[in-house]
Structures are given as structure tokens and as C-alpha cells.
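Read the structure below first, then the notes.
The letters A, B and C name the chains in turn, as written, and every chain counts its residues from 1.
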Amino acid sequence: MESTQTTPLPGTAAGAVDEVDLTPVRTYWQLVRQRFVRHRLAVIAFFLMAILIAMALFIPLLSGDAWKETSLERINQPPSLTAPLGYDNLGINTFARLMKGLQTSLFIGFSAVVVIVMIGVTVGAMAGYFGGWADNALMRFVDIVLSIPTFFLILMLVAFWGTGNAWVIIIAIGLTGWTTAARLVRAEFLSLREADFVQAAKALGAGDRRIVVRHMIPSAMAPVVVAATLGIADSVVIEAALSFLGFGITPPEASLGNMLTKAQDYFYRDPLLAWYPGITLILVVLAASFLGDGLRDALDPRQRVEAN
Amino acid sequence: MTHRSDGGELLAIEGLRTHFFTQDGVVKAVDGVSFAIRHGGTMGVVGESGCGKSITALSVMRLIERPGRIVEGSIRLANRDLLSLSDEEMRDVRGNSISMIFQEPMTSLNPVYMCGDQISEAISLHEGISKREANDRAVEMLGQVGIPDAKRRAREYPHQLSGGMRQRVMIAMALSTNPELLIADEPTTALDVTIQAQILELMKALRERNRMAIMLITHDLGVIAEMADDVVVMYAGKVVEAADVTTVFERPHHPYSKGLLASIPRMGEKRHRLEVIQGVVPNPLNLPLGCLFKRRCPHAMPVCDTPPPLQEIEPGHLSRCWLTPAGEPPAIGPEPTREVAEEAAAALDVAR
Amino acid sequence: MARYVVRRLIQAIPIIIGISIIAFAIVHLAPGDPFDRFRSNKVSPEVIENLRRVYGLDQPLPVQFVKWFTTFWTFPWDSTAWGYSITDGLPVRDKIFERIPSTLQLMGTSLILTIIIAIPVGILGAVRQYSIADKTIAVITTIGYALPTFWLGIILRQIFAQQLDLFPLFGKHSFGKEGDVLDLLWHLFLPALTITIVGVAGWSRYMRASMLEVLRADYIRTAKAKGLASSRVIFKHALRNALIPIVTLLGLTIPTLLAGAAITEAVFSWPGLGFLGVSAVQERDYPVVLAFTMIGGAMVIIGNLLADVLYAVVDPRIKY
């Protein structure tokens, strides 16, 4: 839709038209969508992620307990229609187990990111909004958390406080991963604090909490969304590593990580076993990464977000 | 058509077209520009942002990069066609016969090298003298551009200098090889007014001393008035008016030039509102048919749907407008010259 | 500058204290204790109690903490400063020091190889942006970056060690060949390759991004306008600026030199510090775990400081 000014300003010749650029006007979200769609890779990643999530949700649902059902007679059977990847040394349907493992890994990955965002945004908002000693104290805390090698910290938390417990893993990843989000939000808030629209809200008598929640957080969310998406990739890999080492999800529960442990042990029997969970894991990481990149460019093409 | 004047021509640009092939379409940043600069003369190139003046300068230096390309035209520097030179030959010209200074002195110098080294680099590259000699020359140049304590300053980094001093360093760097032509792209726009005046004085002095021609690109008519001998007014990639500086200021013909001059507030005048030129510069991906200025022109007529050619309305004064030299609408339709037909065809291309 | 370093070191003290408290809390507040695995019908409770007393676990926590924290810092001269390992009774300090060279060999080699490969690749990608070479590199590095390191280790080991039998399966020496450098390199190859592949994928992307950003700068345009050859423009003017963030990143990578390869070391049974840390966690060997965490923390602090110092060295605009 174009707008053309039809009333000529005084002083101009009759018949002169005030020309405005003829490109149509779009809303913010339309622009975001448009920029996102330009990235073919990001769109592919989006669908890939959707497919992975769908598979992770529905296949375990449909196959019931197939992912842990052992059976003597089906040991090491070759692939069939209902078992595209065959059966493993315990007679378990490998594909079913893979999907269940994907479900677990995705669940932990996404949940961990939710925790990260919740903690990170809260801490970052408080530090950025209140500034002063609160900012100092919180950033000091960030420094301390960051100073311990992250993976090892998670390892300790999970090993000592709950091996095999999905919630412990989620919280552990969350407790160690929120620092980037916090820094991003804090940076946004520090600059937004002085922004006109915040001053305007204050002048209207809005309380601190209202200002923060309704006005500032939405503006600061863009880099957080990007960091969160990229964080999914990291979280999934961390969980897989934990499970691989035997600290995360342990058998008989299924996880992409512990399928790899088994693959290592049974290498001579079935060399391909290491590839299925590996490729799946890589697909999740690629999907999340490209999605994050696409979102970053779509939400603000000039933005610079640091991916861990 | 070229703008001729006395004194041998140093730089002759003819029919230059530099287009940018972007994802959204072709942007004709420079579309048929011709003018000439004579030895020791100063040509002012005036226009709003985006009219193609910087691209013209970069085209002369052959510094246009993808997705841009010089698609047509010739650029002759004292009878050498620069567009036909090899890369190596062109590099010989750059910084040597033609030097260029840019708008942002803050970012135009490499932050990790000392100022003196950046100057001596150009010298030793083009003159083949020893490093020590080049360094001495660099210090000398810094002195000539009015930097006090030049020896110490040469060993400082760009961030240690003020904006005005940095621009002086840029000028020193550009002039260190004694070029015949200096291209100055908005050299004072980013500086304070007082510093601006100093830099212009400096440029005038150096111009005198070195008998150097200058292509001075700016949107600031005050700078033009002070420095230029001849003026070329550009709009949307084309030259719309060309004449010597007095003519342009006293007898502008093209409505755009008139608008530019009229919009300068003058002291002592009593007005209710400032003059403005209606509208905005056209979107390069969506240019109007015919005269590119017609949507903003107070004199727009039906004939303006045919693109006007650059016509000589008095000796040495060209204007791209259908109005008669006296400023009246033309009595008869445009002459169907070949140039008119070509421009009309080209305009149809744009519309497609 | 010296004052800045001192100031940072002083600021690091509360961080170190914070780390020690957190590590201590995680370890000792956790359910269970390290001797759980010894508990069985065959072992009498008194023996367990004895063990606990020997390791000081019967004291109240704050007391334990203070004792541990104060003796910790005597390590340069006291080999028992970090206590004794619960797994094998050896002094923790010695166990750790013994493992450091192995990890340094692995991580050091990988890091050097990574830099040597990644920087030229990154430059190439930036200078020939959008070319076939660039696009190929981009695809390879993206996939490489997405590979989980430990999975890559498993696969490489499977293919080259197990199937093709070209390289050894684990460890860093063959029996009886402890001093043999070639034998060491043979063992080093696969784990170093694993880390290097993923490393190159990441670093070349940084290098390319940094180079691209620098190439867009105004001073590059100035350099070209001076008539400099493009190789001069790239290697003298652009590279020097593009390396600045890379150098600071290098500083930040220092911490990983000691603790970062834990999982790869585990996959290849490389007797390094990271592997020790993981094993210690597995066996609830608290003294080792605590010492390991402190070392890791110290490395991070030093790494950050080093990154900032290097930044000032490399960029003349920075003055502390």
C-alpha cells in the first residue's frame, strides 16, 4: 500500500506531486518473516527441526515400549519394515530406541534452554536495570560461575547429585549456561534504560516492574532468542557427552549419548551402530545452528551476537 | 558531450556508466556522466547523497568492487584511457598521478600503524627511494600540512590525533607523491566548521604550490563557492548542470540547481519558511520515466516524460532540462535527436 | 600495564575463594559419600568410620573447608598439600603433576596445528568471498563445527584404529616404549586429529569473519587508493587488524589447554589431566576433584587475564 500526499504545500506550483517512495510499507514482523525466508538454509533448518521434533514425539508414541523391549529371538536381526535399522544385541528395535533417545535428548536440550533463558533474563534484567551495586554483585557472580570449566562443573553436579536423572541434568546445564543470556540482556537493558520510551513510561508513573516486564524485556529479547536457539545445540551435545560417559541418562533409558557408549562396546558386532545416534545428533546441531543464524539475521541484520 | 575550457585537459570523463548488480535489481549509480578537469583547475561535483558523485570518483580510481562494475565509458588521464590499463598499470596511477582523500578521517587511517609509516609507505612504493629517505619526506610532508612537532607526530598512532589532524595526515599522504590530480570526497564534511576552514585554506595553498588539479566532491555549496573554478551538478546518476562557478551561482538554469541554491539560508534575509525542494530522491530501483527530477520540479511539463539531453544553453553552460535558456517552457516539442531517442529507450528499460 | 595486571590478580582473589566454596559445596553437600562403594556386608562399619576419619570427613564442613583451603596453597613445596587420592592413596598433587605433560602434549599439538591451518583457510575464505573455494570451505567448516568432538573421536578411532588397524587403540605409549618419540606421535595422532578438525572448523570461521569485517573498513579503501598491491593490502594492512580478536581468543583458549580435552582423552584413554578429572568424578575421589576444579578455575582466570593483556599488546589503541 502506498501513501501519496495529495495536498501540495503552499509555495509549490499547482500540479506538483509530492512523491513518496513507492515501495510498500510492512510491519516489523512481516519484515522479520521476509528476511528469514530469504535464508534458504534457515528455512530448511526450520523444517528439519520440525521433522526431528515430530519424529521424536510421534514415533515413540506409536511404537510404545519397542525402544526397551528386549527379545531373545530378535537379537541382531537385519532391518525390516518396522525396524529400519535392525535389532541390536539385546533384541531391541534400534530405530525405535534411536527415536526415544532423540526424544530424551531434545527434551533435555529444550528444557535446559528454558531454564537458561529464565535465569539469564532475570539476572541480566536486574543487573541492567538497577545498575550500581546490584549490577556489580551479579556480574561478580557471573565471573565466578564462568571461571569453573563448564563441562566439568556440569559433570560434577550431575555425577554427585543425580546420575541418570533428567531433571538434574536439565538444571545443571541451566545453572551453568545462563551467563551469556544474562550478559546480552544486561547490555540491552543498560542502553534501554536511558531510552526515551522508558523515560516516558516512568513519567506516566509506571512502576519498575511494569517497565521492565512490559517495555524493556520485549526489546531485549531478540538477541536472547538467537542465543537460546544456538544454546539448544550446545545443550543437546552436552547431554550426549554426559550420557556417553555414563553420568547422564543411563540404560535402560535411551539417549543418543548412551547409544554411543553401546556402539563403542559393540563395535565389532555392528560398526554402523555409532553412526545412527551420531548423525541424528549432528542433524539436531545443524538445524539449531542454522535456525539461530537465520533468526539472528531476520531479527536484526546488523546485530552481533556471540555464539559460544 | 564534454565541458570544454581553456588549459589542457587533464582528466576527461566521457559517458561513464557504473552500475551495481544487486539482488533487488540494477542500480545505475552513475549513468552517462561526462565532464573534464583541466590542469591545475578545481572541479566541484555537487549533489545530494546518493546522486553518484562518490561512485564517479571511485570509478576514476577504478576502485569499484562487486556487485558494481563500470559498464561503459572512457576516462582519460592526459590521453591515457584509464579503463584500458592493466591492474598493475592502474596501481601505478593510484596514489601517484591521482590521489584520493575521503570523508571520514577517523576511520580512513589504519589504526595499528604509525602515521609516518603510512605516509612513507606511499612514497617508497611509488618513488623507489630508501626507507629512511621516505621517512624523512613523510615528516617533511607533515610539516607542510601544518602539523606542529611533525617528527614526534609521525611516530604516533591515528587514534592519538584529532579529527582535523588526521585529515591533514590524509592530505599529506595523498600529496606526498605530488599527484597531478587530487580527488577529495567530502574532505571537510566530518569536521568542525573552524577546522573545515583551516583544511580548505591548506588545500588552496597546496594547490597553488603544486599546480594540482582537484576534483572536489561535496554537497556543501559554501565549499564549492570557496574552492571551485568549475561546477558539475549531479542528480540520480546524471549530470544535470555544468558551468563555471560564477555562472552556476549567479545564473543557475536547472530547477534542481536553483532549488539547491535557494535552500541556503542567507543572513539578513527575512523569510517565513525556508525553501525546500519538494519530495525525495527517487528510489534507484524505481526511477521515473523521462526526466529524473520531474516529480520534484515546480516546472514539470508533459514534455518531461521524455528524458532531456544535456544541452548548451549558453557558451560553456550546460543544463539537462527542457526549459529554454531564458527559463520558459519550450515552444515546440523536443528535437528527435539520436541521443533523445536513446535516452527514451533506456528509460523504458528502467521501467521494465 | 604492570599495575593493571596486579589489580586484576587482586580482583581474582575473591573469585578464587568463590570457586573453592562452590566446588567444596557441590562435592560435600551431595548425597552419599566416597566410601559408599566400599560399604558391603564384608566390610565392618568401623573400617569405614576409620577411613572417614583419616580423610577428615567426620569434621564439621566449615572446619573441613578451612583446613583444605589453607593447606591448598602450600602446594609448591608440600606434596601433600592437596591431600591423598581416595582411589589409590597417592598424593593428589603428584598425580596431577604427572598428568600435566600428557595433556599439554595433546592440547598443545592440537592448538598449534589448528592455528596453522585455520588462519590461512579463514583468510582465503574472506578474500575470495562467495567463490567456489569459499563456499566449499564454508560447507566443510559448518559440518565440522557441528560434529560433537567425542563422536568424531569414536568414529576416527573405529575407522583408523579398529578397522584399518593403522593406529593404536588407546594410551600414549606402547609397552616398553616409554621414551620413544615416534611411538608417542603415533599414539598422539588420532586424538590430536580429532581435536584439530573441530578446532579448525571453529577458528577458520572466526578468522574469516574477522577478516571480512576488516576488509570492509575505510582504511583498506585508503590503502588501495594509495596504489598498493592487493597482497600488500591483505597481508600488511588487513591481516594485522584481523588478527587482533584472534589473538585475544587465543588467550581465552588457554584454560582449555589443561582441562578441555577430557572427553577426547576418555575416548582414547589418553592419560591426561582431563581423563583424571573424569575418572575422579566417577570414583568420587573428592580430593582430586577439588584440586582439579581449582586448577581449572585458576587457568580460566589466567586465560582471561592473558587475553586482555595480549589485546593491549596487539592493539595500540588499548591502554590500561
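For this structure, a couple of remarks:
We take it that a contact is a pair of C-beta atoms (placed from the backbone, for glycine too) under 8 Å apart; a residue touches a chain by one contact, two chains touch by 3 or more.
All of these numbers come straight from a predicted model, not from anything done at the bench.
Taking the CA centroid of subunit B as reference, the farthest chain centroid is that of C. Distance from each chain's C-alpha mean to the overall C-alpha mean is smallest for A. Ranked by C-beta contact pairs, the top pair of chains is A-C. Subunit C has its Cα centroid 25 Å from the Cα centroid of subunit A. One finds 55 Å separating the Cα centroids of subunit B and subunit C. A straight line joining the Cα centres of subunit A and subunit B is 50 Å long.
Shared interface positions of subunit B, defined as residues touching 2 or more other chains, are absent.
Those residues of subunit A lying in contact with subunit C across their complex are 140-141, 143-149, 151-153, 155-157, 159-161, 233, 237, 240-241, 244-247, 260, 263-264, 267-268, 271, 274-275, 278, 281-282, 285-286, 289.
Subunit C meets subunit A in the complex at residues 14-15, 18-19, 22-23, 26-27, 30-32, 142-143, 145-148, 150-151, 154-155, 158, 162-163, 255-256, 259-260, 262-263, 266-267, 277-278, 281-282, 284, 289, 292-293, 296-297, 299-301. The residues of subunit C lying in touch with subunit B in their complex are 217-219, 221-229, 237, 240-241, 244, 315-317. Taken in their complex, subunit B has these residues touching subunit C: 61, 63, 91-96, 99-100, 102, 104, 107-113, 121-122, 125-126, 157, 159, 170, 173.
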